[in-house]
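What follows is a group of structures, each given as structure tokens.
Next, two complexes with chain A in common: one pairs it with chain B, the other with chain C.
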Partner chain A sequence: MNPLIPVMVVLPILCALLLNLLHGRDRTVKALAVAVAVLLPVIPLLAGYGVHYFGGYAPLSENSTIAAGLPGSIKSSYLYSFHPAITYVFGSAQRIFLVILSVVTFLAVLTSLNEVRRPSGVYAFLMFMGTAAVTAIVLTDDIFNLYVFFEIAALAQVGVVLCSGVERNYETALKYMMIGGVAAPMLLLGVAILLALTGNVNISDIVYSMRSGLVNPGSPLFLLASALLIFGWLYGTGLPPFHTIKSAIYSKALPHGSALLQAFSVFTFTALAIVILRMFYHVPLVRWVMVFFSLAGMVLGISMALMQTDLRRMIGFLAVGELGYIGIGFGLGTAASISAGLFQAVNEALITACIFLGFGTIFYMTGKTDPEDIGGLMAYKPGLAGLVMLSGFIMAGVPPFNVFQSKLRLIQAAIQAGVPELGILMILLSIVTFMTFMRAFYSVYLKPEPKGMELESRSVPRSTVFSMVVLIIICTVLGIAPWLATSHFTALIQGLII
Partner chain B sequence: MNFYDEIINRIRKVTGERGEGESNISVSAALTAEITFISAVLIAAVMLRKLNFILMVIAVLLLAAVLLTSFPLSARLRTEQGDGFSTMIFYVLLTLGILVSIFYWGGAGV
Partner chain C sequence: MISLQLASLLTAGSLMVIGAVAVIFIDNLIKKVIALSFIGDGVNLFLVTLGYKPGGIVYIYLPGMSGSWFAQNAAYPLPFALVLTSIVIGASTLAVMLGIIIVLYHKHGTISASKVLEE
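What follows is the complex of A and B.
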């Protein structure tokens, strides 16, 4: 057992609770938040791979003292390898996901602390609580535990929106909660059906039951459970029909909050998709449904982004649209496509955070989000404009950056899987994404300054620029050396494909 | 009247009802969204060849006819994908119903 595995979840929860209690003591809140945010990426880097059983209740097969006294009938049965405890699994894929999530959390926390006059302990509480919840979702091998943290992450996201002070944020947060009131219980119902059919909530045990013939994996109830899990997955990630509310959530949070929320969405998307594929890889319909909703998310997200008159909403829709690429990787179901999808998830979390922070500087300087009211910002901040443009290039898939590598691999995987149409669609939608981004960039930076435009601030906090530079550097490094990320996915993919 | 003017007039008709003006940028963006949506749906429909080639041909022809005669789709799409709670929950429940029906009655071989 590795004690650092639970620390990855417990530390941000403890930090969150302390920050909430310390709200009002500005220096202490700032120091504690930064210290823990720095520690977060270090822990997964230091932790060894392994499994953690909460309460120490390891399977009988791993407990030689108890196993020695057991009759042969137990040793030869399914009970011998049964997982009685909530189990967390930390492998190489989990390491890269958690490092990236923690880096985005650190940069979002750092930016938030420097962009406001007084740091808010409550806001920091929500950021850390959300991070802890998504970390648990990535680590857990227990589907009920996953559901609990899924709900905590959703509540933290609502809280981040409520703390933003953006116009009509309360309305959007309430809508998200009410829609969640339909979607999340469906996920729980799916978990309940799986528990009823297999007598278990441990994902490895459920998969074992299905693959070894202990239960009939083709029964309608199993398939119903898969439909409900997919529905929960759509809600957690923001694919249609949840794309409208998810993009609204992004647009009603502060830029650093949006950067973090989309990272939550990306890693929840990945973790849930892995669980669904582990259980239902044998059902082709599951994979085609994943492809369908991912494609719908890409087309609707990017089409809707084109028609927005609010910058934050436009980026929100683009973020939702980009998630579709990851889903296509999973849906195609080949080793190459899943690897490319996982790589796209890592890249997406990084670059969308950078774009949210970049466009957030426009709101910081002007206090406006309608491109009609903004223009000519290139004259004030040419360096920052360069960083924003660079992040747009990266998101669209311009070489030699990381998104180029992952999108290229996705297109190649689609062609190899015998579905070149998906490759064509991905190319088409990447071009439109680039066009959408350039339209926003032109409106804000290159268009002549509108009469009467007043700047609320002529400078941007250094921490924001630092965060963008760090994210772009990571994107460049992963673009030049993609194996730094992709080599971590091999073991995970081998366990997914039957 | 050429095709371009026809499209702009129809977009104006839809957006004008909501009292919104349109610039060159917004009209070109709406046109791009229109073309993107139509081409994406048609290309996606080609994937039906995995099920049945004749079904694919019929679907593509039908979709092409419907989409090309329903301009402006993008403006309608924007209205339909609005922030109204009733619209959102309608699509959420519709999706849930379709998913559950297909999976429960579809069988593992689908």
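What follows is the complex of A and C.
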């Protein structure tokens, strides 16, 4: 067992609790938050691959002392490999996900601490608590534990929105919680049905039961469970019919909050999709349902972004739309498509965070989010405008950046899977994304300055610019050397595909 | 006469349906939250029902019990452990929702969903 595996979850939780207690002591809050945020990406890099059994209760097959005294009837049965404890699995795919999540957390925390005069311990608490919850979602091999942290992540997201002070943030948060009040019990009902059918909540054990014929995987109840899990997946990630509320949540948070919230959504999306695929890969209907909702998310998200008059809402819809690419990768179900989907997940978490931070600087300088009220910012901050434009190019899939690599792989995978129509749609939607972004960029930076526009600040915090530069550098490196990420997915994909 | 387990399953289903209908059709925010807790309680009851064993005993191994007798008669404890956690999560969510409603009531002077939540 590797002691660093639980530390990845425990450390941000402890830090969050301390930050909440220390609220008001500005220097301490700042120092503690930055120190732990710096440490977060280091832990997954240092930790060795392996599993962690909470309470130390390993399966009998891994405990030679107990196994020696067991009768043959148990050794030859499924009980021999049964997981009695909550199990966390840390492999190479989890490593890359957690490093990226931690980097985004670090940059979001750093930006938030430097954009305000007095750092809020409560706000930092919510950021770290959300990060801990999503880390647990990525690591856990226990579907009930996943549900618990799914709920904690949702509460942390609502908290981030409540702390923003943006107009009508409370109304949006309540709507999100009410929808979650229906979706989360449905996810729990799916877990309960799986428990009823297999007697288990450990994902590996459930998969083993289904694949080895201990239970009938063709049972209609399994289909019902898959539908309920997919419903929870759609809510947690913001795919239709939840795309409107999810984009509203992004738009009601502060830019660094939105950057972090979308990273939460991306990795929750990925972790839940992996669980669904592991259990129901043998049911083509489940994969096509994933493709359908992902495609709907892309079309609705990107087309609604085109119609928005509020910059934050526009980026919110773009973020939801881009999630669809990941889902299509999973839904197609080939090794190439899943690898491309996972790579797209990593890329999207990075670049969408950068775009949220970039457009956040506009709000920071002008206090406005309607492009009609803003213009001519290029004259004030040409360097920053260049960074924002570069982010837009990356998100749209312009070479040689990382999103180009992942979208190209997705298109190739769609063609190889015999669905070239999906490839064409992905190209068209990337063009629309580019157009949407360029229209917003023109309105804000290139169009003449509207009369009466007053700047609230002529400068932006260095930490924001630093965060954007770091994210763009990572995107460029992954674009030039995509194998740095994709080589980590091989083992995971082999376990998914039957 | 229907069995206790079937009756519990029917009650769980009814709670979920009543909750879902109430969430959609009732305008009062507090009542909506109560309806949401109905849905959560329905799922919790469903989980408890899974662990029910007719004539069974609580999963506590006491002195004097033989291992095989205990294994045959004890109820499956996992659903109960899950429900306990689920109740805690439900209570936390409920508390946050009610807190938000209090703030919104002070802001809008009403708890009508159609007035408070309209764009």
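To be clear about the criterion, the second predicted complex is superposed on the first by the 498 of 498 C-alpha atoms of A that agree within 3 Å, B and C clash if a C-alpha of one lies under 4 Å from a C-alpha of the other, contacts with A are read in each partner's own complex, and residues count from 1 in each chain.
FYI, a residue touches a chain if its C-beta (ideal position, glycine included) is under 8 Å from a C-beta of that chain, and two chains touch if they have at least 3 such contacts.
None of the values given here were measured: they were computed from a predicted structure.
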{"item": "Which superposed partner A:310 touches (first chain B, second chain C, both, neither)", "value": "neither"}
{"item": "Chain B versus chain C as contact partner of A:167, first or second or both or neither", "value": "neither"}
{"item": "Partner chain in contact with A:155 - chain B first, chain C second, else both or neither", "value": "second"}
{"item": "Touching partner for A:196 - first (chain B), second (chain C), both, neither", "value": "second"}
{"item": "Which of chain B and chain C A:428 touches, first, second, both or neither", "value": "first"}
{"item": "Touching partner for A:231 - first (chain B), second (chain C), both, neither", "value": "first"}
{"item": "Partner chain(s) touched by A:242 [first = chain B, second = chain C, both, neither]", "value": "first"}
{"item": "Contacts of A:144 with chain B and chain C, given as first, second, both or neither", "value": "second"}
{"item": "Touched chain A residues, chain B compared with chain C", "value": "B"}
{"item": "Which of chain B and chain C A:220 touches, first, second, both or neither", "value": "first"}
{"item": "Those residues of chain A which chain B touches in one complex and chain C touches in the other", "value": "175, 178, 182"}
{"item": "Chain C-facing residues of chain A, complex", "value": "144, 148, 151-152, 155, 158, 162, 170-171, 173-175, 177-178, 180-182, 184-185, 188-189, 191-192, 195-196, 199, 201"}
{"item": "Chain B residues touching chain A - in the complex, by the definition given at the top", "value": "23, 25-26, 29-30, 32-33, 36-37, 39-41, 43-44, 46-47, 50, 74-75, 77-78, 81-83, 85, 88-89, 91-96, 99-100, 102-110"}
{"item": "For the chain C and chain A complex, residues of the former touching the latter", "value": "16, 20, 23, 29, 32-33, 36, 39-40, 42-43, 46-47, 50, 76, 78-79, 82, 85-86, 89, 92-93, 96-97, 100-101, 103-104, 107, 116-117"}
{"item": "Sites on chain A touched by chain B in the complex", "value": "172, 175, 178-179, 182-183, 186, 217-218, 220, 223-224, 226-228, 230-231, 234, 240-245, 248, 282-285, 289, 295, 298-300, 302-304, 306-307, 309, 372, 419, 421-422, 424-425, 428-429, 432, 435-436, 439, 442-443"}
